[in-house]
Amino acid sequence: MFSWKESGRIIVLLFVSSLILVPLSATVLGGFKTTGEMRVSPFGLPREWITEVYAEILADSSFWRYLWNSFLISILTVALTLIFGSMAAYAFAQAKFFGANFLYSYLLLGLMFPFAAAILPLFLTVRDLGILDTPWGVILPQVAFGLAFSVMFFRTFFAQMPDELFEAARVDGCGYIRFFFLFTLPLSTPILATIATFVFVQSWNNYLLPLIMLNDREGYTWTLGAMDYRGEYSWEWNRTLAFVSATLAPAVVFFLAAQKYIVAGLTGGAVKG
Amino acid sequence: MLAQNDIIAPSQTQFQRLFANGQLKMVLIFVPPAILVFTMFVILPMIQAGLFAPYKWSGYGPVPWALNEVTGKDFGRWVGSQNFERMLSHSAFKQAFINTLLVITVSIAIQIPIAMTMALMIYKSSRINTIFRLIFFLPYIMAEVATGLIFSFVLDGNYGLSKSFSDLMGWDKAFFPLAEKPWAFYCILGVIVWKYFGFHMMIFIAGLQSINSEVLEAAKIDGAKTLQTVFLIKLPLLWPSITISVFYAVLGGLQVFDLVMPMTAGGPSNSSHTLVSYLYMFGFIRLNIGYGSAVGVFLFVTGVAFAFLYRNTVQRGQS
Amino acid sequence: MAEVILNQVRKSYGAVEVIPDLSLVIPDGSFTVLVGPSGCGKSTLLRMIAGLEKTSAGQIIIDRENVTGAEPDKRGIAMVFQSYALYPHMSVRQNIGFALRLAKRPKPEIRQRVEEAAEILQLESLLDRKPRELSGGQRQRVAIGRAIVRNPKVFLFDEPLSNLDAALRTQMRVELAELHAKLDATMIYVTHDQVEAMTMADQIVIMKSGVIQQVGQPMELYNQPENPFVAGFIGSPKMNLLEGSLARDQNAAIVGVRPEHISISQESGEWHGKVRHAEHLGSDTVAYIDADDIGSVTVRLQGEVPMKTGSPIWMTPVKGNVHLFRPDGSVERV
C-alpha cells in the first residue's frame, strides 16, 4: 500500500523531470550533431560526436565579448542596487524623519509596476542623457527597477536586527553612518547575497532593455548575441543550440552555487509579501 | 535624571534626536540616490508616457509639444484620444490583449495547480526531493531567450518534437506549430507553464515547510486521510502563499515578452503578440512614441488597477 | 479505558537504535508519566503508541487489541501536542469537532459532543474564536478538548505544559489531575520535568537512552531508587552521590544520600566539613558544604538556619536513608 503510493509519486516526478530535461539535453547534444543527423534523431545521442561547432563558438571572440558585456552590466547593476538599496533601507529602518513613510511607499510603487509600460519614454530619457549604446543605458534602469524589491527586503531584514546593538554602539559613541558600515552591512551578508543573486540572474537574462538600449554589436549582451546568431544561422540548428548551451553552462553553474540564496529570497517573499 | 527629562518638551527632544549622532546627515546622504534613480528611470518615464499618449510623435526633438524652429511647427501633433481609439480597434491589439489574458488564465488555472501538486509531492526534506526541486526550478533561472530558442527548435517541423509527431502520424508534410495560427500561441502558453511552474512551486514549498508539523500529526490522529489533509488543512494554511503566487502570475503575465520574440516574434500575422511585444512592434520599431505610450498607459492602468484591487480585497488582513 | 501493553518494542532509524528493546505495562486507568532527559526516547515511544512513528519490531497492544500497524485514528487514542497543534484557520468549535466531522458523525451529535467537551473545560464562551485570539492556557484547554471529544481509550500528552509560564503550569497540573479523576481514562504523559512527574503520576517510567531505568509509584522511586541515575533524577536538590574512599570503605561503588536526609551539628557528627555557600529560601536552607575527604555535599534543612561561609560544621546522614549502590548493581539501604 505505502510503497505503491511512493512508487506512483516517483513515476510522476520522473515524468515531469523528463519533460524538463529532454529538451535541455537535446539542446546540449544538438551541438555535437550534424544538421543531417538532427533531422533524423533530434533527441537521441549523437552517432558521431562532432566538436567543431562548439570549438568554433568557443574560439569566436564575439562570443566571449557578449559574455563579458553581460557580466559587466550584471556586476555593476548588482553593486549599485546593493549600495543604493541598502543605504535607503537603512535610513527607513533606523531613522525617524519627516516623510520617511511617504518615501518608502513611493519606492514600493515599483513593486506593482509593469515596467515595460514606460519603455518608450525610458528609451528617450536614456537617449537624452547620452548613454544610449553604453552599458549605463541598461544598468541604470535595471537598478531603478530592482530598488523597490531590494529596499523592501533590506528594510525587513534591518528592522529585525536587535535595537540594543545600535543603542550599545551609540553609547560607545558610534554614529549612524559609522554603524551602518561597521555593523549593519557585515551582519547582513545573507540578505546581501540573496538580493545580489536575484539581481544578477535578472540582469544576466534580460533581453528587452538591452534590445532597446544597445544598437552597436560591440556592446551586445549574450541574449542579443544569441538572437543574432539564430538569425544568422537560421537553418543550422546545431550552431544555435551549441551557442545556447555554451551560455547556459555558466548560468547553471552559478545557479547551483547560489541556489541557497535564491530559495531564501523566494521564502522571504512568501513570508512577507 | 528624571526631572531633567521632564523639563524638555517632547517636540524639542524629537527635534534634537534628528541631529543626534549625525542622523540628519545620514538621511541626507543615504536616501537621495535611491529616490533619484527610481524617479528618473521609473516614475518620470511613466508620467511621460501619459503626457506623450495624446500625440503623434516620432521621438525627435525634446518633447512633442515643443516648437521646431526650422519647420515652425511642433515636433509632435496633438491627436487627442485617437491613439487610444486606434489601439482599441486594432485587431492585433485585441488579439494581444486576449493573449495576455490567456497567459494569466493559464498561469492561474493550470500552472499554479501543477506547481501546488509538485510542491505537495516534494516539500519534505530528503535527498531525492532536493534533486527534483533543483530540476523543476532549473527552467526558471534560464534566460527566456534561451528557453525560447530551445523550444523553437523542439517545435521546428523539420527537426524537433513536432517532426517526430508528424512522422508518427504519417503526415508527409512537415508540421510547424509555431507558424500555424491557432497553435503558435498555445505553444507559447505551454512554454510559459514549463518555465515558471518551478517558481510557484518554490513559493508553495516554503509555505508548506512553515506549517507546524504537529498540526499535520494532529490531523492524522483525528483521522484525516492524505487528500483530506491537503484540502482541509494544507491548502487553507497556504492561502497567503497562494495569494502571492497569483499576484506574481498576473503581474508577470502582463509583461511576457522575451519568450515571444525568439519563438514567433508575434507571428503568424500578428496572432501571437502579447501586450508588451505589441508595444515593442508597433511603438518602438515604428517609432510611434505617442502610440506606444498609449499602449504603455493601458498596460500600466491594467497592472496598477489589478495590484491595487488585489491588495485591498484578496490580500487585505494578511500581514 | 484500557490497558496498554508494549511488548519488546524496538525503534531504529537506519543503523541508529533509539529504543533497543522495551517492554512495559500501563494499567487501565493509570496516569503514567514517561520521564527522562531529552533524547532518552520518551517522545519517540509516545509517538509509537500514537502511530505517528513506525514500530521497528515488537507489539503495541491497546485494550487487548494489537494495534502495532494500525493507523493513528484506528487506535482509540487522542494526543495533546507540545505546541497544542490547533488548526489555525478553524474556530475552537471546528477544532474540537474536526475528528467527528472526519468520522462523518451527524451534525447535531457533533454539536452536542463539542459542547459537552467545552463545558468540562469551561470553553463555552470561546467556541467561536480562532486559536490566535486565545491565551496560552486557553489554547491548551482547546487541545485537551479536541482529545476529550473523541472519547479515546488512551490520552497521550507530549510535554503539554512546557510552553506555559510557571504559574499557569502549576494551575494546569492541578486541572489535568482533576480531569484524570473525572474521566477515569488511561493517560500517558511525557515530560522532562521530574516535578510534573512526581505531582501527577500514579506510575512513573524513568528512561535513559531508550532503556527503562525504573518503573514505580512516585514515592517508590524516591525512597527506593534502583540505580544512581534514578536516584539523581528524582528529587530536588539532587541526591548527593558520593564516590571515593567513603564508598570503598562500605563496599559500594556509590553512596547516595538525599540533601534532606542529613542532619548537622556544631559539635559532632560523622563527617566534618566547611560551609562553602548557603541559600536561604525561607522555608528551607540549602547549604553547600566542602566535606573533608568526601567532596561537595548538599544539605537541605527546614526553616531558616543561620550559616556562615567558611565556618566548620559536622554532618550525619539519617539512618535508613543511605543508599549503597554496589558494584554488582544491587542496592542496600542502611
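Observations on the structure shown:
We call the chains A, B and C, going by the order they appear; numbering starts again at 1 in every chain.
In the analysis below, a contact is a pair of C-beta atoms (placed from the backbone, for glycine too) under 8 Å apart; a residue touches a chain by one contact, two chains touch by 3 or more.
This is a predicted model, so every value here is computed, not measured.
The touch graph of the protein chains shown is a line.
The interface with the largest number of contacting C-beta pairs joins chains A-B. Of all chains, C has its CA centroid at the greatest distance from the CA centroid of subunit A. The distance from the centre of subunit A to the centre of subunit C, each centre being the mean of the chain's C-alpha atoms, comes to 54 Å.
Distance between chain centres (mean CA atoms), subunit A to subunit B: 15 Å. Residue ranges of subunit C in contact with subunit B, taken from their complex: 50-52, 71-73, 77-79, 81-89, 98-99, 102-103, 146, 150.
Across the interface of their complex, subunit A is touched by residues 14, 17-18, 21-27, 29-31, 33-35, 37-38, 40-46, 48-49, 52, 59, 62, 118, 121-122, 128, 132, 134-139, 141-146, 149-154, 156, 158-161, 163-164, 194, 199, 202-203, 206-207, 210, 240-241, 243-244, 247, 251, 254-255, 257-258, 261-262, 276, 279-280, 283-284, 289, 292-293, 296-297, 299-300, 302-304, 307-308, 311, 315, 318 of subunit B. In the complex of the two chains, the subunit B residues touching subunit C come out as 212, 214-215, 217-224, 228, 232-233, 236-237, 239. Contacts from subunit A toward subunit B in the complex involve residues 9-10, 12-13, 16-17, 19-21, 23-24, 26-27, 30, 38-39, 42-43, 80, 83-85, 87-88, 90-92, 94-97, 103, 106-107, 109-125, 127-128, 140-141, 143-145, 147-148, 151, 170, 174-177, 180, 201, 204-205, 207-208, 211-212, 223, 226-227, 230, 237, 240-241, 244, 247-248, 251-252, 255-256, 259, 262-263, 266-267, 269-271, 273.
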